[in-house]
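Contents: one structure, followed by commentary.
Labels A, B, C and D are assigned to the chains in the order they are written; within every chain, residues are numbered from 1.
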Amino acid sequence: MTHTKVLDQPNTAIFDELESEVRSYCRHFTAVFTRANGYKLYDHQGKEYIDFFAGAGALNYGHNNPEMKNKIIQYIQNDGITHSLDMMTAAKESFLKAFDQIILRPRGYDYKLLFPGPTGTNAVESALKTARKATGRSTIICFTNAFHGMTLGSLALTGNKFKRKGAAVPLSDALFMPYEHFLGEGIDTAEVLERYLDDQGSGVDLPAAVILETVQGEGGLHAASTEWLQKIEKICRERDILLIVDDIQAGCGRTGTFFSFEHAGLEPDIICLSKSLGGFGLPMAMTLLKPELDTWQPGEHNGTFRGNNISFLAATEALNYWKDEAFSRELERKAELIRASLNELAEACPELKPEVRGRGMLQGIAFHREGAAGEVSAAAFRRGLIMETSGPKDEVVKVMPPLIIDESGLRAGLKILMQSVAEVRRGLM
Amino acid sequence: MTHTKVLDQPNTAIFDELESEVRSYCRHFTAVFTRANGYKLYDHQGKEYIDFFAGAGALNYGHNNPEMKNKIIQYIQNDGITHSLDMMTAAKESFLKAFDQIILRPRGYDYKLLFPGPTGTNAVESALKTARKATGRSTIICFTNAFHGMTLGSLALTGNKFKRKGAAVPLSDALFMPYEHFLGEGIDTAEVLERYLDDQGSGVDLPAAVILETVQGEGGLHAASTEWLQKIEKICRERDILLIVDDIQAGCGRTGTFFSFEHAGLEPDIICLSKSLGGFGLPMAMTLLKPELDTWQPGEHNGTFRGNNISFLAATEALNYWKDEAFSRELERKAELIRASLNELAEACPELKPEVRGRGMLQGIAFHREGAAGEVSAAAFRRGLIMETSGPKDEVVKVMPPLIIDESGLRAGLKILMQSVAEVRRGLM
Amino acid sequence: MTHTKVLDQPNTAIFDELESEVRSYCRHFTAVFTRANGYKLYDHQGKEYIDFFAGAGALNYGHNNPEMKNKIIQYIQNDGITHSLDMMTAAKESFLKAFDQIILRPRGYDYKLLFPGPTGTNAVESALKTARKATGRSTIICFTNAFHGMTLGSLALTGNKFKRKGAAVPLSDALFMPYEHFLGEGIDTAEVLERYLDDQGSGVDLPAAVILETVQGEGGLHAASTEWLQKIEKICRERDILLIVDDIQAGCGRTGTFFSFEHAGLEPDIICLSKSLGGFGLPMAMTLLKPELDTWQPGEHNGTFRGNNISFLAATEALNYWKDEAFSRELERKAELIRASLNELAEACPELKPEVRGRGMLQGIAFHREGAAGEVSAAAFRRGLIMETSGPKDEVVKVMPPLIIDESGLRAGLKILMQSVAEVRRGLM
Amino acid sequence: MTHTKVLDQPNTAIFDELESEVRSYCRHFTAVFTRANGYKLYDHQGKEYIDFFAGAGALNYGHNNPEMKNKIIQYIQNDGITHSLDMMTAAKESFLKAFDQIILRPRGYDYKLLFPGPTGTNAVESALKTARKATGRSTIICFTNAFHGMTLGSLALTGNKFKRKGAAVPLSDALFMPYEHFLGEGIDTAEVLERYLDDQGSGVDLPAAVILETVQGEGGLHAASTEWLQKIEKICRERDILLIVDDIQAGCGRTGTFFSFEHAGLEPDIICLSKSLGGFGLPMAMTLLKPELDTWQPGEHNGTFRGNNISFLAATEALNYWKDEAFSRELERKAELIRASLNELAEACPELKPEVRGRGMLQGIAFHREGAAGEVSAAAFRRGLIMETSGPKDEVVKVMPPLIIDESGLRAGLKILMQSVAEVRRGLM
């Protein structure tokens, strides 16, 4: 018994002692993890966890995806280039070709590819620079509850007030317009944006760009409707404003198609990709630019880790999932399963004021009773399920498993979620 | 003959077509690289290159360092955790312990470790936030020809005007003071800083922090003297200004000791590390904070790729180089060899107006005849040596081999450098 | 005939030649004025004009108000102090006493008086500084179509895009929320503000202050309802946000009471006054601060012309109008006359899409047919009536006579307005 | 006796009670002033003061200058226009003609005249806008110890840290270069500027303009040498940077010629005038622009009090002083008298570490013994002489009488200054 207890409390002294107070997930998921495979994680005691978190969307293809794993081991064994800045390498060449053939051409796209530093915020910062350089304007319009990153330019576009405070200087050149239902169901926020842009006295100068997420992964799983997305794109087109889609979390298949906006037929001027782009969970980021926006001079934006070849290798392998529509159809089925399950759950716990949100493999449930989502996440963790919370008050539990999860794994995780909600409800009574 | 020529011109069409115009090194080093080992790179035709570039300082331990390579392969084979955000993992635990035992304790340091996104600019951005939060002040004093990164906060501290233009918005809350000899040999720029800080009418508000590189890796290999560094630290201490050392390029042994400022006895309030920290060339970054500056709330700064466990693994292995002083002594010998060689070279080509610069394994030679450095670099590349240029006018060729290069490799590279200079001189006459 | 024609075209060559292209009113009111008295202006040919412009609200007490005129002449004859910076003078002493007794005490106010430079924008800039210093926060929330001035701090709060462009740098630390009916009749914009303030992910950081005009004099004569004003004040109070009322145009009796918000019972933390405060049309400005906000150090804000004693003298005289309620009652009657007349006019010209706006002696009529307002203003000028246009598209003609205008003058002006509208309508058919 | 004491302590209760703590001069010159004439002020008890302060430079032509006084009285009696925004008036017409004939044409100038709001800071803000609009660049280079005003744009260019703090937000788009001797006698600060501009890594982006005062009236009476001024102009010309001279305090004859830079032959692109421009101490400001910089649209910059006609009237009268060279020659003689007197004084009090500074009728003496200047000013006030202090530590007493002071008045004031210094010295021993 005592033994089990000790097992439940890993020795985290070194983390507590040495790491900055800023550390966060380790406070909720209090295990020291050692191994992972597919949709499962294992801690130092061998305890198994179902992963409904997927590295915050960076592990869409699962932990240690076998094809990628083999390719990487072989590559390293053969002394393949690991780090190359923006020099040319065989691994990068293969990625470029595959991305062109599998992603760009079939969609009729002619984007140029810019490799910023290998993190999402680097992709966003490079997108902002591109938009401002190309238009000569400074303001970027973003949306309430947006999350675009933690470096100064991206943070200015991130809605979370707590995270914004970290800057400790005023954040500028950004303007927050209301996301689709931010002002309530009755108000069309696309019209609000239009009103601000067209009234000559609104104080809102013509922006360089509008940046949006089609589903707000960090901001509470709000999923914009196809109609709203198309309206925003139209508003941009009519006023010569660039449209940037930050597809860092919602892209790479997370909502069912490679890009999250394919169903709406958008053609963004700039697209930001990262997280699962690198396939294996290793850092990688990429910014897609319409050719006419590629006004960069050589070296004007750079970074040491732009050439992470192991990511190029795994990213190339990952693209195989997108060679035909089979994977998308599979994701659609799983998404429906999740949706049905969440709807059922919502009906069962009205007192938690539940609200199902999200789209595709990026769904979840908001509990408007304060604190409930955190309690559910904690209960789930104790039962061997890793689920993140989201939203400005952490009011949403996120169902975001690796895309490659099989149906039994998915059902097992959803069952734990149900049990966890039941546990929280029992605690209420 | 024709055949050879074809070989010399790799098919780079896919890069030209798909990649943004911002790509840069690939324009100078026009090969498609396939393999690398130690201090050698190979292109698709098997041509060998000596590497005096070392991934811009990210490959201090050489390409495919054998110990790291084995550890990584074994780790991946065993389904080790690749990506963990800021959750606890066994690989991270090992790194923390090793860094504490090998680096912090022997030096009497009690820094807290903050893991920002895994790029240098992320480390700098987190340092800026920390300094501004802790002091409640906004200005950061930096130095002419500094390079601190490409995201908005770091770019504001980067001196290069060409790169600054990329932002296309005014860069604020930063102030450039003259680096050690920026105003000529006769002017003590530490006194200039002091004058600005102490005159109540100077327009320079009390800053949150001073940030500096001990050797300006990108800005032209200016190496600050011990005396100047100590003066700057004293100026900070006396006025309650934080001192940040950006040791991203000069640290991790590049100048001969783990931190680049050990010889000067500095105790920075904040230290930024990246590049070779991860050992194997994979992305990693870390910010060290004096404990009293760790005023962060959980999650106030975050990022998806903070937990790159393969880097933790390789970084732990890399720390073995620093367990005793043998490696430092070895670096000292190599640095002397480089210095002697560069001095000799400088004497031999007065008409190129040469000036030997830098410190340790981060040395180089400025040619004040315009264009000469670029010509030397190009000539060296044709002869199988990869050397970067540096400085506001790309006036410096950098000798920055992997630290683990052996003496024969070093001599071979330096010989090519001499031949390349000779070739450029012949072209002059 | 020729003679008359010459008379109609004053020789404006010196103005055209020497003055900057920025000059504006002189392009619409193409006369060289020489004399003025009460509500009448005269040009160099002796032509008389009824003044419905009143120096953009700076001449509430009429041109060359006889009591003020006598006091000023006598004062100058006796070598009274003209210019005193912020030294103590008898004229200033009298003003302070009168303002205390006539304005502050009867209303139960205990504001401190700060004299910035003698222009409205100076008052606003001092208000911004006060609010930011006192709260330690930087953002100021303002409203669409606000006008607060042309210096950098005030311009950031001014909605007009054309005027904002003049800055040619990004304007920061300001945020435009929708004024009362900006988003249409059905949307309560006070709730929109509340939503932004309370959602932790809205991107709107807690502001230092909200600044508003109760009637937007330059922005199109939008007059906020009592209910909306009270809601905004309540929102501020509940969240420790300061409330600034910019009463520069709407104050000093323009809407019927000394302050424009008296009917709503507001108690702003900071009030900006200028324009008619000085009584005689000479520059003066004043900022009222709640005592607890007076955190200023001596000399921390200053300006050469703070001590315009001739304005103190006339301002003291002007306060006599406010010793009892007679003047307010008189203004109420005149305002009703204006309202009735404008309503009648609006009914008569539906094809111009008229909309009566404003409050008190600050009313007007918007013509939603493009260009109509400008044509009406031009026609009125030809007929001897000076009327300004307002609004982001200059779509409003403003009825803003000196408050002291008599009924016959008012009716005469309104009659010309009717005739001018008729003329414009005839031009349409 | 008691009676006298009461007289010495004016009743300042109303000022203390009602005015903001920001009030400043009234704390040093503790009298309530009632009358003034020429270079003399009188308090409520009839005590006479010699004025070596001249309204901080706004009363160059003396208090109640008789010619202006008569003109103003007559104008007001005749119902002349007082306030006209930017409409055309006879008074403005006369001013334009006189300024053209007396100032512009004889000097071969073709400036356009822009009337901003009637304060110095308005003139500076309009100059900044002009420079930024015309160049499309944002940075303005200013100098240590500069004073340009208190509104946000001007304050960013003002060196005094105490005053800068009043903004309570970061001040941006400004850069402080060292004024002539800021870094000590041996360092040519024009070369420092050049170094920053020309080094591509200096972090100093190409500025829109350089703004300077030829004598720093508030910043400690530093007077730039002719050579330095010419170097700065040359640096600007060679790099397409605009040169703005803020001649608000040093202009209008203060240094002996109408513009303060005539002796150096500068041709600034933009000139800011205010203070004594209006002649009588009433608010007025004007910005002179090279015609090619007049890229303004009608109404793009405006302000209610641009058309202060009483100032136009007095300003026109004031220009008569500049019809020939007699006034300049007279000023030269007085300036020499001041200089000789200050030199004598400096020699007599070495223990106060005196340093004579300034030029023309804008001279003074710095006492490097802390507090001495303030003590001298206080002692002088008790003896009936009003003298301001200046400099970042208020280390300078300023001799700045009205230009029209006669020799006996000048000698009388200088004698009191000597006695006051003697009193302070006695206090030391």
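Just so we're on the same page, contacts are C-beta pairs under 8 Å (C-beta built on N, C-alpha and C of every residue); 3 or more make two chains touch, one makes a residue touch a chain.
Everything quoted here is computed from the prediction, not taken from an experiment.
With respect to chain D, maximal separation of chain centres occurs for A (centres as means of Cα atoms).
Interface comparison, B-C versus A-C: the higher count of C-beta contacts falls to A-C. Centre-to-centre separation of chain A and chain C, using mean CA positions: 50 Å. Note on chain placement: the centre of chain A and the centre of chain B lie 30 Å apart, centres being C-alpha means. If each chain is reduced to the centroid of its CA atoms, chain B and chain C end up 58 Å from each other. Chain B has residues 138, 162, 165, 169-170, 172-173 in contact with two or more other chains. Listing the residues of chain A that touch chain D in their complex gives 169-170. Of all the residues in chain B, the ones that touch chain D in their complex are 138-139, 142, 144-146, 157-162, 164-165, 170-176, 178, 182-183, 186-187, 192, 195-196, 199-206, 219-220, 391-393. Of all the residues in chain D, the ones that touch chain C in their complex are 10, 12, 14-15, 18-27, 29-37, 41, 44, 55-59, 63-64, 69, 72-73, 76-90, 92-93, 96-97, 99-100, 112-122, 125-126, 128-129, 132-133, 136, 138, 149-154, 156, 162-163, 165-169, 172-173, 248, 274-275, 280-283, 287, 289, 294-305, 308, 310.
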